Structure formats: C-alpha cells, structure tokens
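I am attaching a structure below and will ask some questions about it afterwards.
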Amino acid sequence: MRPIGIGIVGGGYMGKAHAVAMSAVGAVFETNLRPRLVKVCATSPESAERYRAAFGFEGATDDWRDLVADPAVEAVIIASPQSTHRAIAEAAFARGLPVFCEKPLGASLADSKAMVAAAEAAGAVNMTGFNYVRTPATQEARRLIAEGAIGDVTWFRGEHTEDFLADPDAPANWRTRDRASGAMGDLAPHMINCALALMGPIAALSAVIETVHDTRPGPDGPEQVANDDHAQMMVRFAGGAMGHLYFSRTATGRKMGYAYEVHGTKGSIRFDQEDQNSLHVYLREGPEAGRGFTRILTGPAHPDYAAFCQGAGHGTGYLDQIIIEARDFLRAIETGKNMFPTFRDGMEVNRVVDTAWASSASRSWVSIEG
Amino acid sequence: MRPIGIGIVGGGYMGKAHAVAMSAVGAVFETNLRPRLVKVCATSPESAERYRAAFGFEGATDDWRDLVADPAVEAVIIASPQSTHRAIAEAAFARGLPVFCEKPLGASLADSKAMVAAAEAAGAVNMTGFNYVRTPATQEARRLIAEGAIGDVTWFRGEHTEDFLADPDAPANWRTRDRASGAMGDLAPHMINCALALMGPIAALSAVIETVHDTRPGPDGPEQVANDDHAQMMVRFAGGAMGHLYFSRTATGRKMGYAYEVHGTKGSIRFDQEDQNSLHVYLREGPEAGRGFTRILTGPAHPDYAAFCQGAGHGTGYLDQIIIEARDFLRAIETGKNMFPTFRDGMEVNRVVDTAWASSASRSWVSIEG
Amino acid sequence: MRPIGIGIVGGGYMGKAHAVAMSAVGAVFETNLRPRLVKVCATSPESAERYRAAFGFEGATDDWRDLVADPAVEAVIIASPQSTHRAIAEAAFARGLPVFCEKPLGASLADSKAMVAAAEAAGAVNMTGFNYVRTPATQEARRLIAEGAIGDVTWFRGEHTEDFLADPDAPANWRTRDRASGAMGDLAPHMINCALALMGPIAALSAVIETVHDTRPGPDGPEQVANDDHAQMMVRFAGGAMGHLYFSRTATGRKMGYAYEVHGTKGSIRFDQEDQNSLHVYLREGPEAGRGFTRILTGPAHPDYAAFCQGAGHGTGYLDQIIIEARDFLRAIETGKNMFPTFRDGMEVNRVVDTAWASSASRSWVSIEG
Amino acid sequence: MRPIGIGIVGGGYMGKAHAVAMSAVGAVFETNLRPRLVKVCATSPESAERYRAAFGFEGATDDWRDLVADPAVEAVIIASPQSTHRAIAEAAFARGLPVFCEKPLGASLADSKAMVAAAEAAGAVNMTGFNYVRTPATQEARRLIAEGAIGDVTWFRGEHTEDFLADPDAPANWRTRDRASGAMGDLAPHMINCALALMGPIAALSAVIETVHDTRPGPDGPEQVANDDHAQMMVRFAGGAMGHLYFSRTATGRKMGYAYEVHGTKGSIRFDQEDQNSLHVYLREGPEAGRGFTRILTGPAHPDYAAFCQGAGHGTGYLDQIIIEARDFLRAIETGKNMFPTFRDGMEVNRVVDTAWASSASRSWVSIEG
C-alpha cells in the first residue's frame, strides 16, 4: 500500500461525493493506493477553505491551475461545471497526471475530442464519471448480456427521467439557462453511456428534443427557457437491435428514473435505479408454468457488492457507486490500464448527443459516423 | 326488460368470449335488454354446430349471410378474421342491424372507411372491440386525465408487448403469414386506441416497423415471415404532447404488456395490464415527504367495478372487460346512442396504422390527415 | 349435455355471484351439465321477484322450503346468512339433492357437524364455498407444495385482512352485531381453509381474538360492538410445520388481504389476492447470482386458466373463481364424486375457529381433536 | 472541528463497517468531531495488523485491555462477539470513555444489566448498534407514527428473516453452535428494537422458539444444532396494540427480510429492508377512489438523507446506516447527551428475548416486568 495525493476541482454535489469516496475507498476495497486528500479547488478562497475543512483536505485554492500544478497532487478529479472540464483536463495531462472527469466529458463534442487527444497524447490514465453503470445490478446486467444469457438482443429501451422541473411555475435558474444543462445535456449522458455499455455503438437515430415550458418565472417576469425539458430518440444499434431512449426533467413523479429493459431471444432484463438493489431477469427456459421475471436482490454473488456487505439484499446506495468508481480509478492508475468508461467512451456519448440535436433539427434519421 | 336476439360470427377465441359475455351480462349489470343466443356462424357446419352446443346458441350456420338474414337476429357480433369484417358488417347494416365488430375494424383503412360509411348511412349502432379501454383502471385513468387531475399532459408512453413469437425457432404459422397478423396489424390497434382515448388525436408520427426473425421453420424448411415482429413510433398528439408507442410479439417475458405511463404538469399515471386491478397515480401536491406513486386497487369507487364485486381489490379479469363491452353495446342499442369506440374510432386506429407503414417506408415523419 | 335445475337461496352479494356463474359456466367450461336457473329465494316476495327478473330465474319464492321442494330444482345453492345454512341443507339432503353452501358452513361447529352427518347419510354431493382456493394461482401453489417443489414446508403465514371497519367512527351495523359476523366468524374461514388445503390439518394453536373498537356510533348513541375486529393465532400443523394466521377488518389500507407465504426447504411461495394473477416462487437451485422470487403470471399453463383466456397475463377476476367453483360443483354432481372443499372440509374450518375462541379465552395453547 | 481518537475492538464484518463509517462520516455530515482511527484489536497480532493496514488504523493490538487503556483512544467501538461485550464495555467505562457496542448488547440479560449499570455509574455516553432503525425510511416511519399520522396503532407485524441456513444440508458451523447465535439471539434483536422504537414497550408475549433442523453435517457425521432456526411471538404492547414478530434463518428466498407493517386508525405503513429506499404509506383520507398505498422514495425531505445525495430516489445503502450511526455517536459524545438506542434500550431488547425463551419453555403468555 502506498498513498496517492488527490486533488479535486469542485466542492459541490459531486466534489463532496468524490471526497467522501476517496476517504472510504481504501477501507472498503483494501486498495493498494491509499488516497490522501491533498487539495480542493472552488471559485472563491472562502468556499475552497470551507470545503477543505469540511471534507478533510490538506489544502485549498480558488485556482485550478494551482491545484493541477501542486506536486503533491498525483491525480486530478474534475467535479466542476462542464465548461471548465477541458481546460483543467488538458493542464493535468500536460503534467502527465491521471484524470477523472465528471460527466458529460466536454461541454461539446469538439471539447471532448480535444480531451481525448490530450489524454492519449500524454498516455495518461483517464476516466469519465458515469457512475450508474457501476451499481452491482447494472454490472450484472452488462455481464449477462455480454455472456449471451438472454441471447441476441432485439430491443433496448432506456430512460433517464426526473421531475425537478415538472412544475411549470418552478422559477428559472441556472438549470434553465444554458443548453448544456438541459435534459439532453445533463440527464441523457448517463443513460446513453449505459446503452452503449450494454448494447455497443449506436449506428443511427431519429430524435425529438423539446422545451415543454417555454418560459418560467424569472426575477423580472417571465424568462425564456434556454434549453430542453425532454427528448426522445429511436435508435438503431450497430449490432442490429432497435431501441428507444427518453430523457426528461418534467417526468412528474420520477425521482431517479434511470431505467432500462432489454429483450433478447432467450431472456429479458429490467432495471430501475429507484430500486437499485434489484435486477429483474426472465429466462425463456424450464417449464412455461414456472416462468416469469425473477427479482434478483444484489448480493455478494454480484460484481463489487461483497466489499460493502456480506449479506445479499442489504443494499448499496448512491455513494457506493462513487466508491466503486474510485476503486476503478485507483486500479487504473496502479496498473496503468484504463478502465471503462474512458474519455473516449465519454466522447462517444457527446457524439450521440450531438447527432440527436442534428436529427431533431432536421426531423430525420441521422447516421452516427464512428 | 326484453330479450334481444344475438348472432355471433366466429366461435374461436373471441367468439367464445362474446358468447360468455352475452350469457352473463344480464345478471351482472341487470340490463334492460336480455341477450338470447340465436345463432353462431363458423367455417363449417360441424364447427358451427360444436360452438352452438358448447356456448348454448339456438342455431348454427356456416354462412354468415344466413346469420345476418335471420329475422331472429337483432344484433350482430363479428368475431371472425379481419378479412371478413367488412362484408359482414355491410350486410348487417343493409338490414339496419346494430353491429359490434372485433378489432381491428377493417383489414385496411379503405375497408374501415367503407364500414363507417355503411354504418352511418344505415344510422345503425356500431362499436369496435377495443375491450382493454374498458377495465375499471383504464376507465379511471381516462377520467382522471379528462378532468385535469394530472394537469396538462406532456408525455405519453404506451406499449403492447407479448412474447408468443420471441423464440426464433417457433415455427411459422398463420400469425407469421399475412401483414394483418403482424405486430402492427394485430397488437398495435388496442394500444393506439388507448392512446387516442386518453390523449386525443395523433397529428404526426415517425415509425419503424420491422421483422426481427426473417424466416421461421416451416413445413418444408425455412419459411419467409410475411409480417412484422415489432414496431415503434414517436408521435405528436394534436393537443401538443409528445409520445412513444411500441408493439412487439418478441418481447421475451411479456405476457400482456398493454401498459402506459402519462406525465402531466400536476401528476402522472402508470398502468400495466399484467396487474390490471391497480392504477398507479402520483399527484404533485401535499408535502414532498409524502409524495409518491399511489397504487390504487380498483373497487366500487371506480367505473363499472361494483357490478362484479362489492369489495375493492377483489379484482376483475379478462372476461369482465368483455362483459362491460357487452353492456355498453346493449346500452347503445337501447338508447340508440353510439358509445366509444365506434366504427369511426376504429377507423382512426387504422389510419394511424397506415400512416405508420408509410412513415416506416419513407423513414420520415408523416402527418396524419384528419 | 343435459340441463340441470338450480335453486339459489339468497339473492344478495353471493346469490348474485352464483347466478352469474351458473349463467356463464356452461359456455366457459363446456360442461356436460347445463344450469337452468329454476328458482331463487329471498326474504320477501318482492325481493325474490326482483332477483328473479334481474338474474333470469324462472321462478321466485320467499320460502326456502318451497325452493327445496320444487321438483324442478335438482341442486341447491345456499347463499343466505349463516344462521340459515343448516336447516336449508338438511332439507335439501332429505330430498337427496346436491348442496353447495356458502362459507362458513354452519353458524357453529355443532351445526356443521349436523350438516356433514346429513350429507353423508344422504350420500349427496356437498361442497363449501371457499372460492379463493380456486384461483389459478392458489391452485398452482397447492400443486407445487403437494409435489414437493419447495421441499418440506417449515413455515406458513396467512392473513385475511380488510379495512371496512378501520374507521373507529364507522357506525354500528349488522356486521358489528353478532359473533358470526366478526373477523373470526366471517373473514377467517377463507384463510383457514387455505391453510388446511396447502398445509394439511392444524394440530394445536394459541390465539388472541379481540375487539379493537368497543363501541361504535349507533342510532341512539354509542353502541356496544358484539364481535371481534381482529384476531391472530400461532399454529402447529400436524405435519410439523409452524405457522401464523391473522384476520382483521381494521387493517387500514387492505382491501383484499388474502395473502400467504410458505417457506420450504427447497423454495418459497408468496401470494396476495390483491394481485391475484401472480404467484411469486423462489427455488433454491441454480447459481446464487440468478436466484430470487419469480413473479409468475398465471396463464394457460396453470390450473383452470385456459378456459377464460388463451393468453397468459390477461387475468382472471373475482367472478371467475365462482365460475370455477360452479364447474367443480357440476362435475361433482355429474360424477357423484365430491370435490374439495366438502362439507367435512367446511366443518374442519369451524373446528379451528371454535378452538381459537377457546384458546383466546384461556390464553393458552389448545390442541385440536380430530 | 477537532479530532477524536477511535478504538475498535474487532475487525470482522462489523469492525470493518465501523472503520469505513468513521473514515467517511466527517465528510458526509461535516461533523465537529473528526474520527482518527487510533487502534484496532483482533484475536491475534497478525489479524490485528492486517486490519490496521487494511482500514488505515495507526496501531493494532490483540488485547482489548491494551486498546481500552490507550490514552489516544477517546471512544471505543465494540464489534467483537457478544461474549466479549460486557468486559470490554466495563473496562472502557472504568476509564470514563464513551462506548458504542454492537448488538445484541450483552450475551445475557444479566450482562446487559451490568453494562447499563456501569455506563450509568460512569456517566459515560453509550449506544447500542441497532443500525436498521436509522435508515431514512424507518426514521420517517417512526416520525409518522409518533406524530399520529396514522392515528392510534392497532397492529404491528415485524419480521427479520434470512435464509442462510435454509438448506438442511448446510454444514454445522459457529452459527449453529451456541444459543446466542440462533435466530432469537442473533436476528431477533434488530426487529425487537425496531418494534420498541416504533411502538413503545411490550407488556406481554407468547412465544415459540424452535430448531427446524436438529442436526447438520459436521466434521464427524451429523452434529447436533445447539440453537434455534426460527421463532415467533404474539405480543401485547403496553400502549394496547397487538402485534406479532417472526425471526428466521431458514426463510428460503429471504435475504434481508427486516420488514414491518403497522395499522393505525388513520393510516398504515409498510416497510421492507429489501427495498430500503421506499416507505409505503396509506392514509385514510381524500376520496376513496384515490386511496392506496403510496410508495414514497426516500429523499432530502426525509431524515438524514440529504447528506448522502441531493436527489430523492438515488438511494442509500447498508453502509450509510452505519455512517448515520457514527454521526449520532459523535454527536452524543460532543453534546454529552445520549441518543437512542442507548445501552438501556439494548438491555430492553435482551429482556424481551429472555422473556420469549421463558414463554416458549412454558408454552404460555408471560408478562414483561419493566
């Protein structure tokens, strides 16, 4: 075991999550690399200092350049807004540091391409923060599909639906003010990544992206909403299967509707993050009278569960995904071998998002050029 | 109370269902018109006679013209294959008889148009057999949406998914041999009707219809499958909401996936026919800590339930939908007022199906001309 | 096929259900005996006549002796209050008629014993109306247990819970006025019958029976409640397994909580009538990672389902149980062979109820003498 | 913020959980006291050193006296077997240290009484490790009941069921060798604590405790099982309500069946740890047509959730309960005010367990003397 200095840019929602995960991951997974919380960066010296104290970092700064340049920082976690991802990542790669970057990778496909190029040029470890593919249940789903347990997949339906803007009278805020924070920009990437992880590349799609509530109460009367509330797309996977994706922040009643169902010739799988410790699997085998969807409670028999608890059904939660992610990032650093999802995988998500915008604008099917 | 002579064309799956329903409806709903099972028609004298005896008809015939012409027959139920619907209906209307016709109304949009014209010319009562909109749960959902309980609807997702052809090695049979028996022809109409009932007309759509397994084992080796296994479409409702529909007979694990979810600005509704006695409703009201989807068990407080059982949660089943349908048909005859879904409503479903084929062929959005 | 004349005593909740079932059963199951609704009996000539017309009987009477004596009546269904069961049954058996009697068999164990004696002396077909054991799901559960699919059963938990008197301010009515209408008298028999059907005899029990709300608003101020609101008992089955039963009419939120779970050495079963078309089965076999409760939707592969619908998951409902019951009663008449549950089976339920009262009074374990 | 030195006795299942929780709690809850992992104790120097390195302690020992005496240790967590709890706690209290002790508190009621006496004599902070009452859902349930949201409670049913010894051929091991490791000794305490937390004291009970499989394969042939496989008890709460508790390690299919349902005059609550992020609440209010159990996904609106994640439905897991527990222990230390469940609360659980054994032996109702 040896310590590794961690710098985190951002101390908000995800900055905190990564700070907690880096504090816990060593004991949970008995990792060889043991994180040391070296420095946290935020937009002001005051907030940075507050995060430092709260999360237990050694130092704080309001300039990410300072963090990236700190010799004690041996790995960088980017948990600041999308617009900042590229510059920070490029600087870190320039020093040859491993970089973990929150989703979506770049604020645009161009940014993501540049980030991939920088990572690959530096030969540095890189990972994108799609934590939801790391629940034991979704890892198991991925494994089952890859192993052919449900045969050839014929249909994939995925959604990421929440309801934080379901109320038309909810006031305008940062979430309604730029394209990157809309349903396609902010919610879609997780489920697109999941679709790619489970199904492989998307070959073509036909999308509709729209704003349901055009204006929202602003400080000075109705304010124009700058981004999309929900979006859907029909997709064709390169492997041949057909699919559908839906993203919404106006899905009244949905709190964490990261959900998918997959039909295969031999079986089917259903998952819903709102019950993240269950995977529902149907196998077309055995007598008809005994068939049905089996609700499998995740447990030590499933990927990455046992480290959290020795008993099945005792359950993992949101933070545990981030801890698994932290373990994978440390493992990649230790071995020098990138793990899914890399920056390249993150870039592929941007590509799908970009293509969806093009399709929605032209109201037509658009192919995705690889 | 007075008796009414019923003639049923077809003694198969649905012919039987209607015969049972007509036997039970009087006692269940204490209807004024009391069905008398006058005549059943099937393809051979033998099978017709078998159905007569089995279901308790007074007479049998292998010629539907004979049935339609029988003076004792005062109302006709068409439960024979789609290709026969039009001619039988036209003959019955020529005699001025009320006609109930199984879904889909006509084998083509042209047939359906002709049937509507005949019905309206005759001024005769007419109804299309979309029984699933008649469960107490779906009637309640329709009522809630119409009353604005969930506010303005922003999203509708519907599916009709089964798995009777999920196995690629299932042999070719009548279901794989003509376009009308594919997913779009056979399964889609029920859910399209449901979408129209809950949401109003569809203005435009973009569809993909496809055959998953191109050949199936036939009597002399692999046989070409003549129709579609599954289909999806993005839709725009005339009222403004966006939606998605999916139909499949290869949805492994799905037995009766007639299911929908509807998001409104004030609430949401979810339903799945596989648990037909529950409606899941979320209302965006009251303290956040108490919100969630409420699983409402249907009971006497819901439409058409009390006649079946005095206790909530005791449940209705498949046949009970047909009994409700029978009550509505008798009521329409008695009052002379058509009830939803009429032939015209059935024709609108054909129109959506037709448009979907056009869209799938052109890989583009297609408007539905009203 | 030949007609059989049916007389029904009672035209209320269950009288109607049996009238409907007798109208439908022939067509549903293609029975050899075809019910003819000969006569219905109620407490006044007016109500009897109303039921006659409503349900389609040929005749009506306000004197059950008249019904029982009618030569056209070839089988008697008793759907009047418990206090009347014995006298009617004895009179019918005196004529050698087959008798179906609603649950609970007799108003007391003594009555039930007399009824069994009369039935056996007459050598007449007899059946008790425990319809819930006849759902396809519970029939399947019974079959699975009997076949050893879940190994040796170690634990059975059953309940029959409803909430029609959950509100302490619900006024006193007939349901609160005699012992026979309390939770033990009215609700318990169904689930006790189920426990006996699935598990075999109960050897001993320890019960608590109590009234939760001692008084309820009456016409002249608070009225004493004469019977029990809920009751529980720990049981020891003769086969060795341990169990627990609970009955309640104050189970707020429960509409039809006829539910059980059974643990065996090789598997487990769960059922809840509020989702009567599902059976949840766990088998301790195959790799741990794939184990869980399978939600099996009832279908043609399960007992008595196919007659109602050709597709799995399309569902049966409350009335369908009564139709299955009717088929079994007709089959017993036709073959002369009694089918479960006979009067003797009904009497065994009374015995358990009686023993529970004794146990509750003495606050001790009491053995059941066979 | 100031550091506090933590010593943990035991590095197994729970020792690890507490080590992780103490590493994460500061960042999650921004506690004033910041745990420093000073020393871990295990049965051998080698294992202690292994735990030290794995979990990040500063020191290790194989003698708990050494740990308790270490001046850097300012608080002690006991996560070793039950038989060791008393001596360690007494020694720690002798130094005036705060003590957190894993459940069950003492190996016997006598031990627990002595531990309470020692804690109270020392005036030291003390807490028992019933973590499951700390999920956001169960905290919310407790709050709802306490606030009267479901009215007067009339019925409580609780269970703790697992299936790790469901297989009769599972070999004998430490779990089958002493009374403290049976269903009553090991599983029951959590749910008894829950019942007491939600419902208040138990006044009397009637229990059955039994061994289902008397022998199990041992190293030299069949070995006698020394403890109980499952147990049930009917209870009377001091507040008047009736209840039932069931505990089993042979509950085939149950992985974490910590579950309860509570009926009140105004509403009901259901919870199952296998879906720990949901609470099902029924309120007897509003129109009947809209009533049902609402599945409330835990979120920031519920106790102790927001620190883990800003979005509802994202879910907490097993370890998060331990982190909440750690926060409470630190808070108690900081404020000097004990928090539920104290050692006294732990002792009350032992009292119920003891009474259950007495009841099972005498096959009779036994009162619990306060």
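The first chain written gets the first letter, and so on, giving A, B, C and D; residue counts start at 1 in each chain.
Everything below uses one rule, namely that a residue touches a chain if its C-beta (ideal position, glycine included) is under 8 Å from a C-beta of that chain, and two chains touch if they have at least 3 such contacts.
Small disclaimer: the values here were computed from a predicted structure and weren't measured.
S.K.: Please identify each chain that touches subunit B as well as subunit C.
M.R.: A, D
S.K.: Compared with subunit C, which chain's mean CA position is the farthest off?
M.R.: Computed centres place A farthest from subunit C.
S.K.: Centre to centre, by mean C-alpha position, how many angstrom separate subunit A and subunit C?
M.R.: The separation of the two C-alpha centroids amounts to 54 Å.
S.K.: Between subunit C and subunit D, what's the gap in Å when you average each chain's C-alpha atoms?
M.R.: 41
S.K.: Between subunit A and subunit D, what is the separation of their C-alpha centroids in Å?
M.R.: Each chain reduced to its C-alpha mean, subunit A and subunit D end up 34 Å apart.
S.K.: Among the residues of subunit B, which are close enough to touch at least two other chains?
M.R.: Correct list: 254, 278, 291-293, 297, 299, 312.
S.K.: Quick one: in the complex, what on subunit D touches subunit C?
M.R.: By the definition above, subunit D touches subunit C via 150, 154-155, 157, 163, 166-168, 206, 208, 210, 212, 229-230, 232, 234, 236, 242, 244, 246, 248, 250-254, 263-268, 282, 284, 291-293, 363-365.
S.K.: Over in the complex, which subunit D residues touch subunit A? Could you list them?
M.R.: 1, 13, 16-17, 19-20, 23-24, 26-28, 30, 34, 53-56, 162, 164, 254-256, 273-278, 297, 299, 308-320
S.K.: Going by the contact rule set out above, which residues of subunit B touch subunit D in the complex?
M.R.: Listed in rising order, the residues are 140, 278, 281, 287-297, 299, 301-302, 312.
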